[in-house]
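Presented below is the structure to which this report refers.
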Amino acid sequence: MVETTSSVTKAESTPKTKHFKSRKRQKKIGKIITYILLIAISIILISPLLWMVFTSLKPMNEIVKYPPTFFPESIEWSNYTTTVNAFPFFHYMKNTLFITFFVVLGNVVSNSFIAYGFAKISFPGKNVLFSLVLATMMVPGFVTMIPQYILFTKLGWVGTYLPLIVPSFFGSAFNIFLMRQFYMSINNELIEAAQIDGANHIYIWSHLMIPLTKPALITIGIQSFNGAWNDFLGPLLYIHDEDMYTLQIGLQTFQNQSTTQWNYLMAGATLVMIPTVLLFFFAQKYFIEGMDLTGGSKG
Amino acid sequence: MVKRNKKWLSLGITASMALLLAACGNGGSTNKDNADGGSGDKVELEFWSFWGSGMRRDAVEDIIKDFNKSQDHIEVKYVYQPWGDIWTKSLASIAAGDPPDVIVQDINSVQQRADAKQATNLQEYLDKEDEDISSRFYPQLWDTVMYEDDAYALPFNTDTQVLFYNKDMFEEVGLDPENPPATWDELEEAAHKLDVKKGNNFERIGFYPLWNLGADVWALNADHGTSWFDKDGNVKINTPEKVEALDWVLKQQDYYGRDTINNHEAEFGSGVADPFISGLVGIRAQNINYYTNLLENAPDGFNYGVAPLPEKEEGSGHWSWGGGFVLEAPYGAEHPEESYEFMKYMTSPEVQEKFGLNSFDIMANEEANENLKEHPDLDDKGHMIYDMAHKNLEQTVITPIPLEAPDYTELVNGQLDEAMLGNKSAKEALDAAQKSVEDLVEQHK
Amino acid sequence: MATTSTSKQNKKKRWTKKQKKDAWWGLLFVSPFIIGFLIFMLGPMLFSFIGSFTNYNLTSRMEFIGLANFKRMFTQDELFWKSLYNTAYYVILNVPLTAVGSVLLAVLLNQRMRGISIFRTIFYLPAILSGVAVYVLWMQLLSPTSGLINTVLSWFNIQGPAWLFDPVWTKPALILMKLWSVGGAMLLYLATLQNVPKQLYESAEIDGASSFKRFYHITLPMITPIIFYDVITSTIGAFQIFQEAYVMTDSGKGGPANSLLFYNLHMWNKAFVAFDMGYAMAMSMILFIIVLVLTFVNLKLAPRWVHYS
């Protein structure tokens, strides 16, 4: 099987034994196998994306050709300029970023807060309430879509970003459940000790739990960024003014009843992906940093 | 670390409160209210369509500019909504009682929307006219907007199914490029002449009826223009003509082999690679607006022609099938009279001609198409297309969704697939579909 | 429903002062959810519950018709059963495959190696891409003759199937596509693995435990809370599969021989094609009950295999 730990360096500094040399060789082989696996899986996972990027660089008359080419025969950089000029790309990006910022903020804060209540404090009716959390996940979205739309119309929120942003400050069932699971694996003694020291729950949550659940918070942050960044149905329904449109709506301009402009669509999809890729690349480092803190930061 | 957390948190909460307040302030006042209160009597109309970029968008914005200039009572604001989803959105806004003023809708479901009170009855405005507005349009298009003797929409554009064929290829195999196949037998014969076979594999397929066209169209063509439902709403799925049509389609599939057909279909199903432009097929039965594709993507000098769908046998009729879009004022729109004014403008011969010229769409207005087939700004191919479209529309049937069986499609398609897969004979499949759809009609009664 | 050890003790004992105070704290913490639920969720949920007993058509009609929708669903609507079958097929394969796949990938990525952050990013990339682009990409990849997948299969002398055009292979094709974007779930496991104390591995290593043993006895139990979460939520998600089938089957026509007519797709057609929203709401009730029962079973089984610290 595959190497599962990250403790390679530490193990190497243990005293030498006869056993050790063969273990070291084993490790090396294990590492090579791991790399081969990583590279193989990477190729599988990335080739569809390469296909997308290559398509985005082809002129349309090459795209309609059969058999399809993998590498573009001639590179058409102008696809990208056409794409960002077909609709106000950077303006829509700003709109999307605005919505996404608040959705991420709302999700990270509210779910962490709410889930702490469910995981670490006991109060009457908790189980009923938690069942309700689970139940809200199970209702198919588009049955409640129209009633919800009517509700937001009554509130006067249609045509603004409020229907997209505000609900995220009241927790989402999936993320409450997820955070709860993370909290459940944290030892209760920690909280009890803090309480004996006179700390209240707000203090425990903000000073003890937030640092301890950093990987989980980052995960929720990334996932909700991804979700809000790529959300299509929400902005579609609630935004009536083209000036307030988001990137995902903009991308649809390349599709109409008779034709799809694949090269522009793919160029657009590639551009839209970039911010999330960068965010992930930098955010995932915190996973490792979390581990660096005095050998597995958990007590 | 901890301190920073706290700061970040309070910052976020303040920011979001500020946003909430700011956005709530805007929430109450929509554009419409501003327009009403602001500049005297001027009415602002919101017009939704799915023309997002390129030719159609430029064309429609140009026309709206003209309209806004032509009078000082109505100001139209154009809003693009994504294709397909535009109707989900409009439905939500109608249900919430706050719809746009005019919207481009599917021609096949006007009656359904009229029945469900999603569209505004336009009859009172039409009755006030001196001119007979209905005479602007092809009669079968006008039929689709009528519900219980009242009109609920104005047709905007349309389309029809025709044959596209590669003239050079015809020449190459000794077929007359000016004399495309006129009956199913001739079509089959021409197809087999155009086939190129290498070993067991077809390198070129002359013609296969189900690429870009459904078996329903061939059935309709065979059955003298009667679709799955006749004019009175009776289910007509397993008529002898339709069984024969499906048998004929099956015969074509057997000839090339199901694997070959499947592979090709899968290859081109996503619409990326184009087998007609790539020279993999010689004849293609398809929506006439495929012309725009050819215009944009075919190499220079690509020599093709168009012809009506062949008739099953001489005298049975070159029946074809079409669709299109209409302009509709959603139910609950605030200014129906002004909406109607704008819709009337959009369907006038001059505006229709202009839209067609700039978008290459086939228009719903007869006069516009007649002008376009000789329009000096179009080239020979353009004239050919409009000429063909205009002629073909005389034998083109529009098939509005029947009110008693709005979602019958999956039931029929499922059975057609069973036949194509060889699990059922044509007769068995159509009999089963007939029964299922009759059941569905029963459920809705 | 969700049982925790502390809440059971509460019922037996009398309320101490601290517990009373705690109760207020608990309510404070969960209050955003309660408020959000009351404002945004309760109304629409009740509305669709009531709607399921009516002939609601969204715009002009809403009359009480008793259980007629349910009767029609079970006795007259052949596509209801078809869609239920398709969905169950998808859930049964998709849920375990993505769970196993994402755990394995996460474990593989949870190492300190040169370039690991690049690999992590690459593994997550597919989960970032969304919308029509994904489906178009996959329709190309799955092309029987020129598609990447069958081309690769042909190197090993395997004749690939016609995927999206053969009713037998449409659902596996979709499952394959979903497996590609397993990165989302992988991320959860990756985050969880950060909580596994390193000392546990070190002591196991000194004891000479094999990689597999370490995985089975240390890693696996530690991530069971998240596996539990993943299984429940991805079951719920899989039952609601919709967009993939909607785009890949040409505006929701159901695919070859209706093999991709999933439950939600059928429901969508009823609601937005036939404007039979009452019926769609009734269908959603049935789906709700199915998922509820499965979740309940999951929760009951949980104490046997989920380890909280």
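Letters A, B and C name the chains as they come in the text, with residue numbers starting at 1 for each one.
The definition used in the following text is that contacts are C-beta pairs under 8 Å (C-beta built on N, C-alpha and C of every residue); 3 or more make two chains touch, one makes a residue touch a chain.
Since this is a predicted model, take the numbers as computed values, not measurements.
**Student:** Please categorise the chain-chain contact pattern as a line, ring, star, complete graph or other.
**Tutor:** Graph shape here is complete: every pair of chains touches.
**Student:** When contacts are scored as defined above, which chain pair ends up with more C-beta pairs, B-C or A-B?
**Tutor:** A-B
**Student:** Rounded to a whole Å, what is the gap between the Cα centroids of subunit A and subunit C?
**Tutor:** 16
**Student:** Can you compute the centre-to-centre distance for subunit A and subunit B, using the mean CA position of each chain? Integer Å is fine.
**Tutor:** 38
**Student:** Residues of subunit B touching 2+ other chains?
**Tutor:** Residue numbers touching two or more other chains: 88, 91, 95, 267, 272-273.
**Student:** Can you tell me which residues of subunit C touch two or more of the remaining chains?
**Tutor:** As it turns out, subunit C has residues touching two or more other chains at 58, 136, 140, 145-146.
**Student:** In subunit A, which residues are in touch with two or more of the other chains?
**Tutor:** 66-68, 146, 169, 232, 255, 260, 262
**Student:** Could you please specify the touching residues of subunit A with respect to subunit B in the complex?
**Tutor:** By the definition above, subunit A touches subunit B via 55, 60-61, 63-68, 86-87, 102, 105-106, 109, 145-146, 149-150, 153-162, 165-166, 169, 206-207, 210-211, 232-233, 236-237, 240-242, 249, 252-260, 262.
**Student:** With touch defined as at the start, can you tell me which subunit C residues reach subunit B in the complex?
**Tutor:** Against subunit B, the touching part of subunit C is residues 57-61, 72, 76-79, 82, 136, 139-140, 142-147, 162-167, 251, 253-254, 256-258, 261, 266, 269-270, 272-276.
**Student:** Would you mind writing out the residues of subunit B in touch with subunit C in their complex?
**Tutor:** 84, 87-88, 91, 94-95, 112, 116-118, 259, 262-263, 265-267, 269-270, 272-273, 331, 406-407, 409-411, 413-414, 417-418, 421, 436, 439, 442-443
**Student:** Within the complex, which stretch of subunit C touches subunit A?
**Tutor:** 1-4, 6-7, 10, 19, 22-30, 32-37, 39-41, 43-45, 47-48, 58, 104-105, 107-113, 116-117, 119-133, 136-138, 140-141, 145-146, 148, 180, 184, 187-188, 190-192, 194-199, 201-202, 205-206, 210-212, 214-215, 219, 222, 225-226, 228-229, 232-233, 236, 240, 242, 264, 267-268, 271, 277, 280-281, 284, 287-288, 291-292, 295, 308-309
**Student:** Where on subunit B does subunit A make contact in their complex?
**Tutor:** 1-2, 5-6, 9, 12-13, 15-16, 19-20, 23-24, 26-28, 30-31, 46, 50-54, 56, 79-83, 85, 88-89, 91-93, 95-98, 100, 267-268, 271-275, 277-278, 280, 287, 289-290, 292-293, 296-297, 299
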